[in-house]
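The first chain written gets the first letter, and so on, giving A, B, C, D, E and F; residue counts start at 1 in each chain.
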């Protein structure tokens, strides 16, 4: 049980009495200087794992994530293959040293759930029917964390899938929106996630069609707040999506200077 | 049931939905008959058996003294687990929990926990040493769709049914209790399936096979949502989510009356 | 180790000094009012799991058990199939909340042993040679317990197998007999099982031929006591067997009123 | 050995039994030669190696201070485990314990525990804090049938051979002991196989392949039974069980002399 | 990459080696470019990312208070683990640690531990109750050969980068530290591959496929060896080992400068 | 973690301050009376497991080891078979009671590492290419221990492989050499292994060609010390190898008196 509960608490530590604290000041600024609509700084680099068919590295505030894609490739064990489409297998993990306490190296229930809902998101994005009997393996490792890792992971993975040249309906992009101190805010950091009234809503969409492919929420949220949160989320996601596209462009611009990505000496 | 028969059944579900109907005659936002049984196990602190049509789920609660977490030395805790017993369906196998059962138990857990219906500080026994932990264990007995809602309703019902044990001289006093567990809210999980272009409530097993995506939302009596979970390979539009939320606000009221 | 020993003790708690206690009074009555030959009240209901090929629910005193049968069906993984007969796979489990302390959800050594000897009992009862290359899966879940669960489980499972229409040499029926306070008694409850001189003898037979298909014992027992216990057991088992038959008749009598059992809408 | 050769061997066993004989010339109720070796491991508190014909089993006992169970704070405890080493047979595999090895270890455990030969209260060190636990670990070295009896005899012999460690200032005193473990009885497990219509003792591997069922009984010197276990796919009549019990009463006396 | 292409690549490696050259033009005892990055994770006490050519390894260190072992109540401890992430190679799979990753982590552990660079007594907090344990966790990010040396260099670098936490009133003071971890030596692991008759340093993935055996040696600045490990299906002569040791003495000096 | 570290320490207990102690006295004798070049007494018996294709039992000082070989036999699961050679699968385990504390019955990381490097040593020794698609399984169980078990195990296993009639380039023989109190000594016992300056070097060779097939070391060792240690090791190994050969000869000499080894009644 201890293990299970520990997991739940990964991002909920130190929720002491912060009732008096102001999460957004009169100037509309949050404690780290952001506006309510603003994400933390995001940096994306494409093609960081030479062995992989596609890969990306992302920094999102303190969060650091690496993602690699292998496939479409043979689906093993064979009885798990689907004759009509590719199997998308998304694996979310956190490095032991990516959290304040040491993460147990074995995957926990939280890892399993995040991997499941993220796999389902990519099933919608990828044209899986083009690759029957194959597997598309998406591996994500969180190297450092401070709230919002599942969305950071998904965002990185989408770039890695694009880098692998796997055709998608649209790229996946996401953000976590939510509530702290009564304010609907974008991209909560850990401090905000620990607010007494905190609500956390990881959401990912196909940015062009605005189809929602991942949506979770915990905390107490009214219908009205949801509508506000969703609106803020969609706007923020479009900005995240721009950064994804820029990163991919960047790679192909710098083509000559990154020999490991030209595919000529892949093993 | 063979794969071919499944496919034919799925076609039939889809066609009926296109005609604005469901195979069993229900309206899109209508639940099957819900019945609740209690007193499944005298050894449990609380139990409930929930039937939604032919879906059948049993939940038992054990409340035990545990060492609290170092960072919350004055708080009790809640653990929710689910077993998809091979009794319940030819598609379930013995073995470690599947991703599906883990997802279900975590969604049920969040719906309850995040509704703040439990005051965990009240479950402290001795700071840093002992606090009550409620183990809510969900067992699927027959799977005819919508295990999520059946499990969530059975879990909150079993918790409401639970007696709080007594603790004296460093151990539990067998057979004595200090009243029922206190819950300040009764969150109800309401799940919809997207089948074709329709949003339908309380899908049967055959309907779930035809669904492209699933969305669950936990609702409190004061009309707050305490958990969302989208599942399945498809997607939802923002307005479909709004429909799902409105339907949940309505259905949760009806379902809560039956607890 | 703790886990292992815990299991052993599931039914052996609180064996304080009961030396002075009388397990059978001068009127020949036990503390719960039963005679030495009498079982606790037994109720059986057939066809309780619509998805299963056969199923049953039983209450035996405080014990509550549900059993479901799937098969004969394809035996997977294939290399475990037998070309001459069906494999009978009996799985005994206890719900976490079915015991005074919480049962660990993972199957323990006791579960494995009970499943093994029960599988062997059903191998004898079922005409397995009629279904080569298949598996007959019998799953039993104990929902509440108070001594005698393996026999309660076996008795329920036999009805479920019959409900599945699987041909048997004979139905299996059983009882636990034993000793408490020097008396040979039928169907010990937990209090009696905790007697200082307690003997517990789970026994199951094919009622018509009186073949013994399951027999275990622990405690100190003389040959003479065994003969007395066996005689009492056989007599009690015949009564249990009558209840099994009645329950099956009951189902077919009530055919119309239990639509879930008519097989027409099985998936 | 191929499956075909196995079947021929089984036929030969059955035919010989029908003729009232056994392949190796023994009487139906006769054991193979039993030999016992001690001092297998200096690191163990006690050890024994038992050979029954070509069946070969080694048992080692480690006695360690453990926290007693909350409900028996003044009692020590016993843990029996068995490993069917892949050394012992081409049919054994590495990996977690098989149902067969679990059954064996539990039957050996019950035969000893239920004979009340150990006074667990004597194994207390400090109430609620420390008590001795004897870990009896069984290793099959060569499997030529009747591992049950060989394992049970080796286990009781190893326990009789065991030295009781000393405990001072919160830990075990290395290399010092306070005499041998005390056992008030020596339960002996006697197993019979039903082969055709015969009840035979101490079956070889070939005979076990031909058996329809197995019955084990543990017997104490004062002619009490402390454990029964029926195994195998067949059945026994009540009178066959009686034969098995009488045979066990007789054989256990002979076997006990050899310990 | 298909098996056929692998075989052709292996033939090419072997042929080039026979000609006294390597595919990438390096000398037999020459390393690829080594680069080191720090500050991978703020949540870690120390981190390092080491690239050797296209081989890429990340190591993070967490230092936590643990109960010391009963036999060394006044000593801290070190635990090294390695995960061959499926990110790093199409040949790596998710799941429990492979024998290969276990071997790597144990060789890295011995190289550090046996160099006596850590004074574990300094890591004591309260005798018998708390002592610091450093968890050194190695993650392979891209596997292009010689993960051993990359992992070992990253491990010692991450340890050198690590801050020592503060402990007050029975718990760790979050965000405060009492300086860097002290290491009295910097052991460097140097691995050679035997390819044909040549002994080559820092093999690429393609070279490792062509190697018959591997030999790793950890070297300290005062020219002591603190660990040897031979791996692979082939063998070494005594003089080949001597060559490997001399090469390691030389290369370790150069590599140590880069830390 | 506790488990992992426990393992490391199996042979490193009680390393109290022994700085003042003399490991080799002025007469050149060690505390147990041996010279620096001398191994502990070694006894080997061949053919001790009738069911196995080959087997051996060895006592090396306090160490006691039993080894059995099965194969070449079908390689299961089939996808692990190699069409060009036999797979050699060496499994090293310690009995729970073979160490001062109780060994956890589950294999640990140390067991896995030793099994890996020992498998690799036998891959070199055995003509694996003669048996494509098969497995050669070598199982070793340590029954009692006092330093040097991996070498004792390998030495026993080599005899068992020879007993199985599996053709080898050469038999494997080994010894652990090392350092204690500044002296380079052969075959350290546990007391010597716990010296403050202890170095432990398990080494195994093919005795005729002097090819090194297993080599590990821990402790602080200079190049010069290595050369001395290796020279001593090679000399000691040749003696160990003589004992292996004698044991095999012994078996065939005593052929008539050990009926279980003649193969006529193998199952």
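One rule holds in what follows: a contact is a pair of C-beta atoms (placed from the backbone, for glycine too) under 8 Å apart; a residue touches a chain by one contact, two chains touch by 3 or more.
This one's a predicted model, so the numbers in the text were calculated from it and none came from an experiment.
> Treat touching chains as neighbours and tell me the shortest step distance from subunit A to subunit E.
1
> Among all the other chains, which ones are in touch with both subunit A and subunit B?
none
> Which chain's centre, taken as the mean of its Cα atoms, is farthest from the centre of subunit F?
Farthest by centroid: B.
> With chain centres defined as mean CA positions, report which chain is farthest from subunit A.
D
> I'd like the Å distance between the centres of subunit C and subunit E, where a centre is the mean of that chain's Cα atoms.
57
> Starting from the mean Cα coordinates of subunit B and subunit D, work out the distance between those two points in Å.
About 48 Å separates the centre of subunit B from that of subunit D.
> Residues of subunit D that contact two or more other chains, please.
Residues 135 of subunit D each touch two or more of the other chains.
> Can you tell me, using the touch rule above, whether these chains form a line, ring, star, complete graph or other shape?
ring
> Starting from subunit E and stepping next to subunit F, in what order do the chains sit around the ring?
Listed around the ring from subunit E, going to subunit F first: E, F, D, C, B, A.
> Taking the touch rule as given, give the residues of subunit C at its contact with subunit B in the complex, in rising order.
Interface residues on subunit C, with respect to subunit B: 14, 49-52, 55, 62, 64, 66-68, 70, 73, 91, 93, 95-102, 105, 137, 139, 141, 143-146, 260, 266-267.
> Please give the residue numbers of subunit C that touch subunit D in the complex, ascending.
Within the complex, subunit C touches subunit D at residues 1-2, 4-6, 8-9, 13-14, 109-110, 112-113, 115-117, 120, 123-124, 201, 206, 210-223, 226-227, 230, 234.
> Can you check the complex and tell me which residues of subunit D touch subunit C?
It comes out as residues 66, 69, 71, 77, 79, 97, 99-100, 102-103, 105-106, 109-110, 113-116, 133, 135, 215, 220, 223-238, 241-242, 245-246, 249.
> Under the definition above, what is the set of subunit E residues touching subunit A in their complex?
Residues 1, 40-45, 47, 54, 56, 58, 60-62, 64, 81, 83, 85-90, 94, 135, 137, 139, 141-144, 174, 205-206 of subunit E touch subunit A in their complex.
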